[in-house]
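Naming follows writing order (A, B, C, D, E and F), and every chain is counted from residue 1.
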């Protein structure tokens, strides 16, 4: 199995989620992260003190999938998360050795 | 070393933590995630506008362990995180190539 | 490519970020986690009810890098995140099989 | 349009005001004490009550800007009121249309000048808080996308050219004073006026990006409920203060106000419960405000049964405006200034013509054998709607020209107005 | 039980009220101004002060519902008060037990009807705010697990069958009026009554899931402190308003109130510091409320030294109730309505019998050579406890039958009442 | 230094007070009603208004402690005021330096004792709220690093040895009473005094760890704006209440207060806009407070044009103090008690000497041909600065000795004072 981690723009989450559901991905976990990259942050000013906030709010989507779904999933995420402007984010793929569904004890592909 | 990532119900965290401590796991990192899966979300209503919130609050426990502890850890998490109802969550196992304790520079099993 | 995950003290983030930028790392994602380990937590008291809060706020820095940068990155993080007191945190390294830049579709080292 | 009773009262008082002094028999320290208090209460409504009520309903990225619109409205109106606003509204009548500039910078008013039994300085302060909240209410229709500069320009223009004239016609001795319409504390001048202006402004401004497509969860219903509680609190100053004295009429207005707010909250929550199987706190807060709006023109005229009916209907009406009408006609009156204030302002003005009880105030409504009153109320409502809609349309056009458009950029809207306009965050906890 | 002085005063005033008019010599605009203000201040206590004080103490998933209980209590009581509540409490006495229905829908009361020097409409509004907060206080014992429907039904029943009778006995010319007990602003009718009712209700309802097993961190001590500050502010209306006039007695009550609150806050924090080595802000906020409760019956009777002692003890007593007694006897009086209000209501009522200084009010306590007063106070306390406990027991049983049980389901409790009951969140920031 | 007019008035009133009674001709229920209200309004400023204004500006880990400093200041001063503070300030004058201990524990004051037309109990309560907020303001300079025990000790010492004497000199019949300086509601006694004390305290305490090196984002500008709105609301009691009666002078003070606050908000935001291209809401809130500070000594003396100028300058001055001066001279006046209150207190005191209009109050400023007044104001300002700086210096030294240092440990500062001092969190939502 593969874990696909996609760091995307917060406002693209709904689109990405729908796109994944459409190709039969039934579960995922998302979390809020702060991203640093080429995209510029903003400046906050409080009584003259300026703070450059260069970490931007991003959403990390984590989805563990069967090996054979990988290309499909990557395509779908790229398609749905892309706006073409700096800051669209990245996708990272890593290997998952084992998966378990806690409720039933099912393992690996069965667990997804 | 292995990284065990368990996505569990927020209210099970204390039980899971205690169970891991009991088998000698001395460190872990947890974070809040929103999970999408078979379990149903809820609807929020604001002046007639209904929002289906289908991402549910979950806790992700990340613990890096020695290879030989894996089975034990999996058993313990499954046991302690299980309620038997949809939404109990998943466990994913991946490989960790290197670990370092920042304070001392100790590496790998020594660092855990 | 390697993914370096460093769980560090919240107040060290700025130092770590600057140190990574200096060695040419141009992107990273950080998130808030709660860490359990040797470092002691605190007690909260509300009308006589005491709650031991043993999960401490930590920051997880995730950065995906080229294989050849690994040692350099580890050194830099250790250097910049270290205070020498219990609770400085850990670094974990794992393998990344594929990386994609969503905006351009560039892959692997190009995508970082 | 506080026409018949109060405005006539005020108008006549104003005429004689300069000749009255502390040495005279009319000054009353109890009335003055209450009006000072009432003014402070109404003041609180704008930068605190309304700010939180609206702020809590806006998204987390816009909460500060939403609060800022109320805050800025209050500050801006405070300044212009003492320069020309008060004079325009309450200066010597010019052809029934507008007040003279005699009170520019409050000139000619001293510590001994009275309006009725209270000092003119107190009366002017009290009236200022009404002008301020009226503009503040409009902001509910346009939050989350309006430029801050446009808001300031619009505020200045609108108070000058829409609010001040109507206030003059109704309360300053203008042409509406003689029509005989009833408006105890501002159902038409304040609520219909603001609701209609909000609707027009919202239509001209366009919808928020993603309206009805993406979720727009309120940043904090807790703050909205707190805001509603502060509005309710301040409204005692608004309505019971409009008696311009501390007596049985203030007491009647006070109790009617509370009653209508309470049953408005209950009825909105009840409709929630019926239609969605859940009573919402946003519904409760909104219903209380709906009841307060509806009872505003009626507070010093109706008895308790009148207040109960007015309030009960108001919750249903507000619910209808905010949860149905807006979606049916697909306009983005974002926080329902029209749905809640416009509709209930109209209802309250008409209801005053129905329920006015001569045992409370000195007027008779339909139920007490005076159907003419209802007709007069209808005229007043239509006049206000028409002038407000037209005036607002023109002033929004001018504002747009002056500030080079009305909307923030798409990118700013996406990022949130707190950061893009104010370079600040609402919460960092 | 504002028996001896104030209730007698009120009772006699009520008898003569209908014959008084503005033309008479008794109406006073200064008193009326203060009572209008005081009523607004007390109003603020329920949907804002208490709502935040309690809301901040409940968990994040229940904050909105907790606020909702106060809000709903205020709205519900407001409605029923003008229909039958005021009449039941202050209508013509029937056998010393209850008021007649003569004031149903406030009938027979006009803008010129007076109670003492203030309009009856103002008096009725003032009294309404007391009834509302009394119910609101009870909610502290039962939050985080009670069904919303049960709360509404309980509120209606309890005000009708427990609050209104006691208020009548004490303030409406009922049998307790002649006993000679002192209660300046509601120590027994409000605080003992609410505290005891809360305890009974909590015992019948059962504990929250996980009580004493899982951490139940307050959602926001910041909001709790703000709530306490608003309660403190409103309490000036509560206590100094209970003089029913603006004079030296109001002033004495005002200063005693502030003093007791301040030293209550200090003493609770001090005990915190002693026992846990840390002064908590929740302790400070709670101690202020404890002091305010304890001084309520005493405010217009005691001198500053009395107020200092009453307040100093109150902080210790509240701490004892909330941090010790509850755990010792293992009942889930969740936000300590009994621990803070019940205990301090009792202490305040007895302390009034000890410290009443004839130089302030017109009564003498134990320290001024009148041990009998303390005995009378004890009787009043016991009577209130007994009736409140019994009445509440029966009404909770009825409520449970009517609403098909009192508790939300386990799953709803786990999810939090904000989402499960209201389909809303408190914060989304 | 409310010298010339008000303090003389108060001083003379105090002399005759004991002989006045309710039976006399002087007691006025309307004035009393307003002063009761005004006292409640000023009370709200410290544990709610200032607490939120400051709390929202501090970091999330220190918000509760910051609120706690205001809360504790209010409670502590409330207690010491009725024991010895009031007597020290307003007891029989001893050599123009200090009041006698005759009113220890408020002894000798009864419900019929008057000051002017209001009961002494009301006057004492009103004055207490001034003492409390003055200390509270100082906390803005020292938050996020001060020990709680040091704060309590400092509060007791400072009110006793700095505040009470100055209040006596100016308002209690002391030596400054005869100087003829004008201070309507406390520009010198309250604002210069607090601002200077804050600066001295901050310099002695040292900077926060990481000052100017790490980001210190405010926990909640939303709460800061709410706090500013509550301060604004309460300030009507502060300034209009300082007329000690409900009349045209109160009305003038009310309107001037509102005007200066509004234009202060506007001018600070405008400078923001000019210098940073963005108007900030923190600037708006701060500017409103700046305007309120500056108009405090002037409120009952100047006309509307005076109020407009005073307020417009105040926003610029506050901006300059908080955004420039502090960084230029590199001191950590954390929330700008000196930058906002100190500077604007000075400006307001001088401006009163310039703009005092005999048509409003009974004094003439420079613009009305009385340059001497400005000179007198300058003397008053310098005297206050000198005494406050010296006194504070000594008392901070003593405090440090008594509480074994002033600062929390580095580790506690890093963790945040909410957890380390109070074992609590501000928010858990």
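Basically, a residue touches a chain if its C-beta (ideal position, glycine included) is under 8 Å from a C-beta of that chain, and two chains touch if they have at least 3 such contacts.
Bear in mind the structure is a predicted one, so any value in this text is a computation, not a measurement.
Note on connectivity: the fewest chain-to-chain touch steps from chain B to chain F number 2. Number of steps on the shortest path from chain C to chain F, with steps defined by chain touch: 1. Looking at the partners of chain E and chain F together, the chains they share are C, D. Here C-E and B-C are compared, and the pair linked by more C-beta contacts is B-C. Residue numbering shows that chain D and chain E use the same positions for less than half of their mutual interface. Chain pair C-F has a twin interface among B-D, A-D or C-E; that twin, with over half of the contact pairs alike by residue number, is A-D. A rotation of 120 degrees, rounded to the nearest 5, superposes the Cα atoms of chain A on chain B.
Averaged C-alpha coordinates put the centre of chain A at 52 Å from the centre of chain F. In whole angstrom, the spacing between the mean C-alpha positions of chain A and chain C is 18. Here the spacing of chain B and chain E, counted between their Cα centres, is 47 Å. Among the residues of chain C, those touching two or more other chains are numbered 31, 44-46, 94-95.
In chain D, the positions touching at least two other chains are 28-31, 33-34, 37, 63, 217-218, 221, 246, 276, 278, 280, 282, 423-427, 429. Interchain contacts (touch definition given at top) occur between A-B, A-C, A-D, A-F, B-C, B-D, B-E, C-E, C-F, D-E, D-F, E-F.
Chain A makes touch with chain F in their complex at residues 44-51. By the touch criterion stated above, chain F contacts chain A in their complex at residues 57, 215-218, 221, 272, 276, 278, 280, 282-283, 286, 319, 322-324, 327, 336. On the side of chain B, the complex with chain E involves touching residues 11, 14, 42-46.
On chain A, the positions that touch chain B within their shared complex are 1, 3, 17, 26-31, 62, 64, 94-103, 105, 111-112.
Contact residues of chain E toward chain D in the complex are 22, 27-34, 36-37, 39-40, 43-44, 47-48, 51-52, 55, 63-65, 67-68, 71-72, 74-76, 78-79, 82-83, 105-106, 110-114, 118-122, 124-125, 128, 148, 223, 246, 421-429.
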